[in-house]
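Chain naming follows the written order as A, B, C and D, and within any one chain the residues start at number 1.
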Amino acid sequence: MQQILEDILFDVKNQPNTGSIATYIPELAKIDPSKFGLYLKFLDGSAYSIGDSMETFSIQSISKVFATALLFSKIDDKMWDRVGKEPSGNPFNSLVQLEYEKGIPRNPLINSGAIVVADMLVDILQDPKVDFLNFIRYLSSDQTIDYNMFVFESEKNTGFRNVALANFIKSFGNIRNDVNEVLDFYFLMCSLAMSCQQLAESFLLFANHGVHPKSREAIMTVSQTKRMNALMQTCGFYDEAGEFTFKVGLPGKSGVGGGIVAILPKKYSVAVWGPILNAKGNSEAGMKALELLTTKTGYSIF
Amino acid sequence: MQQILEDILFDVKNQPNTGSIATYIPELAKIDPSKFGLYLKFLDGSAYSIGDSMETFSIQSISKVFATALLFSKIDDKMWDRVGKEPSGNPFNSLVQLEYEKGIPRNPLINSGAIVVADMLVDILQDPKVDFLNFIRYLSSDQTIDYNMFVFESEKNTGFRNVALANFIKSFGNIRNDVNEVLDFYFLMCSLAMSCQQLAESFLLFANHGVHPKSREAIMTVSQTKRMNALMQTCGFYDEAGEFTFKVGLPGKSGVGGGIVAILPKKYSVAVWGPILNAKGNSEAGMKALELLTTKTGYSIF
Amino acid sequence: MQQILEDILFDVKNQPNTGSIATYIPELAKIDPSKFGLYLKFLDGSAYSIGDSMETFSIQSISKVFATALLFSKIDDKMWDRVGKEPSGNPFNSLVQLEYEKGIPRNPLINSGAIVVADMLVDILQDPKVDFLNFIRYLSSDQTIDYNMFVFESEKNTGFRNVALANFIKSFGNIRNDVNEVLDFYFLMCSLAMSCQQLAESFLLFANHGVHPKSREAIMTVSQTKRMNALMQTCGFYDEAGEFTFKVGLPGKSGVGGGIVAILPKKYSVAVWGPILNAKGNSEAGMKALELLTTKTGYSIF
Amino acid sequence: MQQILEDILFDVKNQPNTGSIATYIPELAKIDPSKFGLYLKFLDGSAYSIGDSMETFSIQSISKVFATALLFSKIDDKMWDRVGKEPSGNPFNSLVQLEYEKGIPRNPLINSGAIVVADMLVDILQDPKVDFLNFIRYLSSDQTIDYNMFVFESEKNTGFRNVALANFIKSFGNIRNDVNEVLDFYFLMCSLAMSCQQLAESFLLFANHGVHPKSREAIMTVSQTKRMNALMQTCGFYDEAGEFTFKVGLPGKSGVGGGIVAILPKKYSVAVWGPILNAKGNSEAGMKALELLTTKTGYSIF
């Protein structure tokens, strides 16, 4: 297995990049584009890694999976009254669909949907910022994980389209709390800094029927976990869900920080990081590495 | 002429209303729906009025004409780099068109366009709030005109869709100043309280080739005035431009406060007020009164 | 007056053209792009002309005005159950708006609307092709006017978007007759060959309260005529209604054959022809000539 | 296994239906709504069935999978120049997306995409209608399969939206052959009459790396098969892909005739039929039966 990962590292390092790193959030534009790491964790406890797998980066949209899982585990199917479960077919920040569908976002893994999820979390959590962080720390069994306040400030000061989305949804009545409070929480969740190792650890429950691999606590039901995986499969990669499903064939989620996490049900979770993004906003090296991983190991859902 | 107006008053008062007053701005929902006034001012100085023509009300979107005229008179055709000149064909607050047209609003008389106009005014005016108010006071030769701070606050606290519009435009780079500063100025302009008499006075320059009827100052050029009138003709009535052009046949502008102002080039300006709106957001009594006026007087562009 | 027209001819001939002639209908692509004619006819019977004003060309979308007028004169306001009266804000052949508005076209002067008008005419006319031609011949007092079968065939064989529009409308139930029969009639109406002189003659009734200037027959009521003029003002120039209203300030209609007809109520009708189109599909020379005409004569609605 | 199927039959028969059968194709409206059948075929050759599994019905959109597979096996990745690979997020016959994306359909499993596939097949097949039928007969090892000409005629006479789609695509140049010829072929493919047993047989290659289970011929490569399965997973269920992925978790395709086929890679194919459709156009009984099957057997990709 370690040899396979070394081969992947070699291939990825020798692949010319054609995209560029995300620059619309100034703080993200400062990252060294040549970074690359991968961490693979099996349910049996074995783990393999290559490259910068212990270095933290901005998880960005990957946080949407955590937020959805936390909410889903708390209020179950009631959440679907306010956010859909289907792929959007539009770029991740489109307002068009939202207008035609009266403020109900297509799914919780696009920006609009995650903002509505944030609003619901603000309602049910005692101290949203602390509770959310504790949830992630518990999932990954790592108390050192934290928000990156520079990224948070950077995003808050430039995230005009997200402010537009949130106010637009509010105008349809699908945000209940103060818009700025909800947005602050949303931007904070996106600012989480995590390493491939920490991400792989924290996603293991999705490969494990919703059960925390260490504490054995059933955080989500089997059915909820299946729903989460179906959501990641169909909605986790902006408008590249079809391409990812074909090339990688695993449920997962990407972020514009260059991270991708994916799982093989009943087997493993894997996190990969490469800051250069393709035209659709997904990590180039990450896509390539996961494609090689499923091809070389034969582990895929198809 | 006075007899014609009395007949109009009689007809309007006896017409059953089928619409309702604007309620999305709480402060506007408090207005007595039975109010009605009309003020007709000829270029020769003669004037006629009926009903509550001296009572002030919230001019709302009518302020977009003042803002556009002020900006146009200052920077001329340069303003059209950032806002279009064509009817939108969509409800007045649609974000869809804005998305497909990359943040360039269709025209300055819809919300998105007026927000961009507000941004440009913030750039060129020394003290936007004071200068704009002075411009209106000068046009109407009336120093008592003022903003209504209750309406301003009410709109600022509930105008989520306008906040969405402004941030969305900012995300395309078509707003240069701080979004909140621009929005504050925009909401303030909308909050202007004016009477039919004051509105008719201040619109007279559009019937007079851009020349202030009292001071004789050429505020706009003949060509600029023609453009303003063309804009009002094609874009002044949300998605009811065709209906208004047919029924009334005059360039004009309506607001959700129930006011409508229109002009007959080289002849007169007329302002009318009735708070109950039809399904398209235009004053029911106002539309009816202006239709009767042009029919009974034969004064129309067609 | 003749001197004004000669000056216009001089100016237009010396203006560099930046657009190109319509090529999507192969037969239209064969026209000599340097053609130019103008015919101006006053209600008092006087007439002035310059250039190729007696040469026939393909009137294309100008036929939509004739079709609408004929239908309107026969079934009055019942026609508005199936077609709207407002500008569309979209390119002339957009299917998007039609989808969101369930098969009801925005107005009868865009392709979709004219196809629905054609369907209604098929229902009420004994022999649509003959009756429509006779209507035009009667309006222009000229029995030589005829369809151009080469243009008809050319358009029928390449008008895929119009076939799409018609079938799409049929799928919403807003076409009652056989789609191909309706389309044949629609393409035939577009294929009418007329000269500036014939067009100016046949539009005179719109400047004359609906009364045929020679026979004195009231073809349309005063109110119907006002509606027709309002329609032309707001919807006659694709998505350049605002620009045309500003520059020319007259109700009118253009066609991709390079023709434009406009009227000044109670005064005159004017037809102009120049095959080179601007980016919005309107005749470049035609726009320029009409702008010069209203500027030099001072005759405009504003 | 047979007992599981009997339980499913019992559950499905006792589930109240809330939807209705497809009526927009008159011939389909004649079907007995209480029909229900299921056929499950394993790669090892074993097979199980319940209900009306040997009765033929109109496969409708399921034919899109066959057409795509046939084309893909012949011209490989060249097909993706003219049709996309991503979910559409819009109802299956939307023209809106097509307009914004210039005539390139989102994927080959929606109507617009299948029409483009039909156009490409017309280009490369000697005798499209015969060759396509032979392909299906070969896949299912059954020479009795045939088109249903009543369904074909019914669809041809009422399929206005498909005629609109085809002509619209043609207007963008993405259909090369005569529109009517392409549509005839498209409608004919949709009219195929097949039983659950025949469908399950013919889909077995998608579970078998592209290899015909009887002849052992490699009809598609492993990579092509993976792509087909990814397409079915993300695009096979109109705008219910997310729901189906969650509830059933298998790649598949549904048709408005009430059929659904799905596969579990390396294991089995399963076809189910129940004419009553839910609001999204997928068989109610079919969705329920497949959900029960994957739940009761534990066979699922998640």
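Definition applied: contacts are C-beta pairs under 8 Å (C-beta built on N, C-alpha and C of every residue); 3 or more make two chains touch, one makes a residue touch a chain.
The shown structure was predicted, so the numbers you read here are calculated from the model rather than taken from an experiment.
S.K.: Hey, what chains does subunit A share as contacts with subunit B?
M.R.: Common neighbours, subunit A/subunit B: none found.
S.K.: What chains, if any, are shared contacts of subunit C and subunit D?
M.R.: Output, common partners of subunit C and subunit D: nil, no chain qualifies.
S.K.: Tell me which chain's centre, taken as the mean of its C-alpha atoms, is farthest from subunit A.
M.R.: Most remote chain from subunit A, centroid-wise, comes out as C.
S.K.: Roughly how far is subunit A from subunit C, going centre to centre by Cα mean, in whole Å?
M.R.: From the centre of subunit A to the centre of subunit C is 56 Å.
S.K.: Can you compute the centre-to-centre distance for subunit A and subunit D, using the mean CA position of each chain? Integer Å is fine.
M.R.: Their C-alpha centroids are separated by 32 Å.
S.K.: Provide the list of subunit D residues touching at least two other chains, using ranges where the numbers run on.
M.R.: 100
S.K.: Under the stated touch criterion, can you name all the chain pairs that qualify?
M.R.: Every pair of chains meeting the touch criterion: A-B, A-D, B-C, C-D.
S.K.: Which positions of subunit C touch subunit D when the two form their complex?
M.R.: 94-96, 99-100, 160-161, 163-168, 170-171, 179
S.K.: Please give the residue numbers of subunit B that touch subunit C in the complex, ascending.
M.R.: Touch list, subunit B to subunit C: 84-90, 97, 106-107, 225-227, 229-231, 233-235, 239-243, 245-246, 249, 251, 265, 300-302.
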